[in-house]
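I've put the structures underneath this note.
What follows is subunit A paired twice: with subunit B in the first complex and subunit C in the second.
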Partner chain A sequence: MNEKIEIIIRPLAFILLATILCGIIFEIAGFSAILMFNSILDGAFLGSRSLEKSLRWALPLFITAVGVGISFRCGFFNIGAQGQFYMGSVCAVYVTEYMSGVNAVIVIPLGMIAGMTGGALWSLWPGYLKIRYGVDEVITTLMSNFIAGLILVYVTSGPLKDQSGSGQQASTKILPSELRISDASGVSLTIILITIGVGITGWLLVNRTSFGTLSSLAGRNPTMLKYQGGKIWQLGLASFIISGMLAGLSGSIELFGPSGRVVSGFLPTHGFTAILVALVASYAVIGTAFSALFFGGLFSAALFLPIFTGLPTSAIDLFNAIIALLITARITLGTNFLRNRWSHPHD
Partner chain B sequence: MTEVRKDIPAISCRDVSVSFGEVSALSDISIDLPLGGIHAVVGQNGAGKTTFARVVAGIVKPDSGSLLINGKKIVLGNVASSRSTGIELVHQSFALPPSFTVAEALEYGSGGGVGFFKKGDLNNRWRRHLEALEMDIDPRHLIQDLPIELQQAVEIARALSSNANILILDEPTAVLSPSGIAGLFKRLRRLRDTGVTIVLVLHKIREIWEIADSITVLRKGKLIDGPMELGRTKPESLTPMIMGAKDFKENISRISDENSDNKVLDQKSISTLPKNKKHALEIDGVSTETTDHEVSLENMSIKVYQDEIVGLADVEGNGQVTLLRVLAGLSDISKGKIKICGQEATHLNLSKRRLLGLRIIPFDRNMEGLSLTSELWENWVASELAVTPLIRWINPMKIKERCKISMSEWDVAYNSPEQKASDLSGGNCQKLILSRELNDEAGMIVAAQPTRGLDIGATNFVWTTLENARSRGCGVLLLSSDLDELFKISDRILVMLSGSIIRELNPPYDLEKAGRAMVGESG
Partner chain C sequence: MIEFHEFLVAILRSGTPLIYAALAGVIVHRSGVWHLGLEGIMIIGACVTIIGIVLTNSFIIAILSAIIICIIVSILQWFVIEKLKANQIIVGLGITGIGIGGTAFAVESIFGSLAAISAPFGIPRIGDTFGPYSGLSVLVFIMPFAVFSLWVLLLRSRFGLRLAAAGEHPFAARSVGANPSIMRLIAFCVGGLFCALAGAELAAGSLQIFAQNMVAGRGFMGFAAVIFGGGHPVGSAFAAMFFSIVSVVGIRMQIHFGNFVSHDLLLCLPYIATVLGIWITARAKGRTNSASQISELRVQ
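Moving on, here comes the complex of A and B:
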């Protein structure tokens, strides 16, 4: 049947199936599944100000996930978004450090550009190794996350350590309020506008440029594109750079926005969740918006779970893990199953 | 083998209909195929041959109808049910795991493979099985190291490892060289003589005549006639049945000479090439480094004039693939020069060579020619986008409109520019590739096996297209292992052996002489 409808229904089917499977596991573990889902729904979308709290996580997830989607679409499984996110925040914080006292109108955009550059460079070296020497990008980008994590530890506990801090977690100094683009809620007009800007740019890039069409072809059949004179290496490097840029932008927004500083090991699952967000949306930009909202909601609900249900926050990890499993299974089973059902309505 | 009775048909289907979405693949087919013998099911691409084979094998569930195997009614659309009655299908493309040894693949493919086993026992058991089928294959070899005809033989051996008494082969000759086809037919005849009923999905008339005992003709999902005993029909009457009267008139001249017994096909008088013509392609003393997986080229020189079709005859595995990769800029050359339309192109990448006018129709249209999971318009516009800057605005709506116009000019049967390329039949896939490659800027066309697996109608279409390109002033290099095809449209034929050109043949062509040249004998 219609591909476009399939793109919408498929993620919904995943989420529904994951909910059912989770419910069964919760019940077996002795928790009320109904109560559990009620509080997730409340915590994520229905409760007072819960939508705003969900957006706090959904907005950066969307930005990073658009980049991840562009890279995956091109056939490069860049799973280094977490590290690129960290490098983005580190580069941005150095800009604020060296330009302290300069007008915020200059510092904030420069910081974001630095963040994007940092993310892009951090994505570029695994990309180069992949394209020049054929090194598996899954391994290099995964490893690059750990290196970036350690660089973050170094920066926050070394050169830029906030000496006045309580010392619980190493971090940089909190930014002065004029350098902040949102308060701790993480939702402000600036951040929403940036996110919309990323969404529109990403959509145009995917749907209205030669890069979008060629990268989709490269992801589906690079051999065919080679016989058309296509330069896979250009597409690959570009998609690595773009995904790194967007993850880095997320990192700098986190600094100027909700966190207000760079903390050792902050948002440790951001990049990985962004991969799930992109996969559930099948790399479509509009779908990514909804999927980011869903995962943002889950994340925000997770913080309330222990209060209302006695379940640990990691219950949400179970949810994420089941969705990841379903996505993996889909590649061989799900699509064929759905497609056959739809193309043979008489069965 | 299960018990069988002579008077009951091996396969008997009644009023079987299959539709995929809105397309009807089979409508009310009723066929009785008698026990024993080799039964050819023939028709053009999209006639429903493969669907018929899949219905019998239980892979496709028909919308209506019933199916009796050896007189027993079977559950429709159930592979296990079809197999339990002794039916085995040998697929168009093989599904053997390439990294397995022959013995492992056979064990795994015949439903074993769980639990412990001794390698020696496994090899011995399957060696006996292969010997019983008179197949000279070492069970310890890896599947990926076998030439394609032996892979197919293993697939047949796999199918026969159970108590199969009905063997269905879907286009088994499409992937084989002429000698491979001869080997396959010998094998099939031997199987027939042991009592196996064989159903062959085929479309080359010459092959049908060589092997089949009965013929069943399908056209556009309908049964036209059959099964007819071979003695009761003639090639001349078969072709109109396959093609339909309208197509037949258009193509009659070609078909009649295709089926003539005259081995010397001298339709073309020796072409009088004006020698002041420019070269479309000059390959001058090109060699490549020896690698493990490619035959290297040795000091190869080929010149193709504008408005000339040069055939390159080659039993597969003598360097065709390397030559194509060299021309596509995908393999490096160690010495020699390449010029395209008079311009130096030795060190240019493919997108630059395309701008000089080079067009390539690759060997494997499904893997190298198209991205099957991508939309039709994306496949169509790929070459245009690939040679432009990386990020450039495009308007998909306008591209789709242009794609639609081109699809109708090239007579591609399709539903929408947004459908997946995998929805197209083989012939339409090739037309899509032609429509993309053969635009006005094309100056030199390299066509590799452009009609492999295509039916008569689509084959003629491709030939006419290449001839039209020639008359427009294009050079054409036709890489083929099908001598009929080479004789039909080439102005001259170069014979390639082990990476070198060893002979040039000029019309009138002599089949025997060419055949001898292709295996390296003089004369």
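Moving on, here comes the complex of A and C:
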């Protein structure tokens, strides 16, 4: 089969399979699956203004997922996007705190640079441990997520706590309106331009530079690259830094844009969904845009599910998890399944 | 002396779920798969135990159904990794997501809200004859025997050696008539059993409560204990014990130094200890052995 068509059909087939599995689970649990998928479709893409609401979640997801894709492409399982996202927003909120009163034209770019730096530094230490000492990055990045989550709780309930808050959820003060780059809807020209900029830069980096070519070689066959004199540690460190930077950038956009403040434990599934977005797109930047839109739509539909169908919001988490379970499966549409019956795996 | 007893009780309470999780990780690790789904299967075990106690009022039925459901989810994980050839790390994360999302979904569709559920009673206690330790659950008491029997099973039995062969050199295992795929299936089933015990102990051991996302990384920590312990049951149990000592010391430090250092930063201690633990392993061994299929993710 044509390889390009397969790259598109495969994820669609798995998403369909996950949809069917989820439908069965929801029917067993006593909900109407058809009604649910109707309302997801309506809430995410077809209803009035629903595309705009989907974009609000899709834009930050896209930025993080491009970074995740770059690091996965290089063969490094940097699953710390969640922690890097948190650290980005924490660093950005510190900049706004210490530069209060300074012109917004200076504060916002500085805050974003701080966010990118924070995310990059937070992904740098697992990367350094991996490359220098061979410490497996899966565990260190997982642990870095938990540590970053606790640092976020500390910052929002300690030094930068909004004293006037209700006490329900610890958060920082809401930014003054001149520091915001969008209203609560989260879609504005600035954010869209930044996202497009990230997309174009990412696409050029992956497809038109030696870094892109070498890093995808490093992911496919590190041994060969090593014998040809490629420096895997440089590629690895660079991919860790880039993915951290992008996750941190989307953390700071979340602060300056839709949220306007940092809440403890906000968007807890952002990193996991971004990994999923990158996997569904098989790390291609253009594909990432579409899959980010899909998962962003799911996310925005999830907020309305309880109202329309009585289904809990966690239904979407379950759906996402089932997609994650299946997305890397390597049965290719029938033919290989038969062949596998006669061959022995793991030899 | 009383304070020492209290300290030990606290360590056993927080350490036992970790140790059971680490045991589940060990047996699967030796069969050649990275068990990153520990977190998800553990939370399913915790959830089913509490819901079972609330609905049936019987501890035996609750723990049995937890074990059965955990084994079913483990088989699902085995099927996707072994038969569908999916990447084991992503599948592990997917199982974790299914655990966290699925338990939230189950709780909300059964009880109608996401509030924590509390059960009227938990795992039977070991009784008053043990003095300061009487509040501990039976599973804490069984834990050393579980570690010992897993050690016998993995390192002193024909099955254990075949299992290790299936993990390290599948061809050799097949040449003596052991099917690596079936060996992994058995490993995942035993792992599911231990995950159910870990979840049950976490939820019903001392608290008798199930809250959203209550596992909070303990499954991943149990997995890190497997790496830190070098895949050896006793070593991994001690590694898990070390992580729980660190977290208990962190809680103690809140009492003594709570005014100087933030409570939330002290909660980071077990996670930092985990990173240090696998860093030490990597320095000692040259590097931690990465998952064997890491580059296969690209080949789609």
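Rule of thumb we're sticking to: the second predicted complex is superposed on the first by the 328 of 347 C-alpha atoms of A that agree within 3 Å, B and C clash if a C-alpha of one lies under 4 Å from a C-alpha of the other, contacts with A are read in each partner's own complex, and residues count from 1 in each chain.
The criterion applied here is as follows: a residue touches a chain if its C-beta (ideal position, glycine included) is under 8 Å from a C-beta of that chain, and two chains touch if they have at least 3 such contacts.
Just so we're clear, the structure is a prediction, and the values are computed from it rather than from any experiment.
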item	value
Subunit A as common anchor, with subunit B and subunit C clashing or fitting	clash
Partner chain(s) touched by A:229 [first = subunit B, second = subunit C, both, neither]	first
First, second, both or neither for A:133, with subunit B first and subunit C second	second
Which superposed partner A:253 touches (first subunit B, second subunit C, both, neither)	neither
Touched partner set for A:116, first subunit B, second subunit C, both or neither	neither
Partner chain in contact with A:267 - subunit B first, subunit C second, else both or neither	neither
Residue contacts with subunit A in the superposition, subunit B compared against subunit C	C
Partner chain in contact with A:238 - subunit B first, subunit C second, else both or neither	first
First, second, both or neither for A:282, with subunit B first and subunit C second	second
Partner chain(s) touched by A:198 [first = subunit B, second = subunit C, both, neither]	neither
Which superposed partner A:209 touches (first subunit B, second subunit C, both, neither)	first
Colliding region between subunit C and subunit B, picked from 2-10, 38-46, 92-100 or 344-352 after the shared-chain fit	92-100
Set of subunit A residues, in rising order, touched by both subunit B and subunit C	216, 220-221, 344, 346-347
Touching residues (chain side subunit A, partner subunit B) in the complex	3, 205, 207-211, 213-214, 216-217, 220-221, 223-231, 234-235, 238, 343-344, 346-347
In the complex with subunit A, residue positions of subunit C that touch it	32, 34, 36, 76, 80, 82-87, 89-91, 93-98, 100-102, 104-106, 108-109, 114, 170-171, 174, 180-181, 216-217, 220, 223-224, 227, 262, 264-265, 267-268, 271-272, 274-275, 278-279, 281-283, 286-288, 290-291, 294-300
For the subunit A and subunit C complex, residues of the former touching the latter	7, 10, 29-31, 72-73, 75, 77, 79, 129, 133-136, 138-140, 142-144, 146-147, 150-151, 153-154, 157-158, 216, 219-222, 272, 275, 279, 282, 312, 314-331, 340, 344-347
Residue ranges of subunit B in contact with subunit A within the complex	20-21, 61, 63, 328-330, 349-354, 360, 362, 367-374, 378-379, 381-383, 385-396, 418
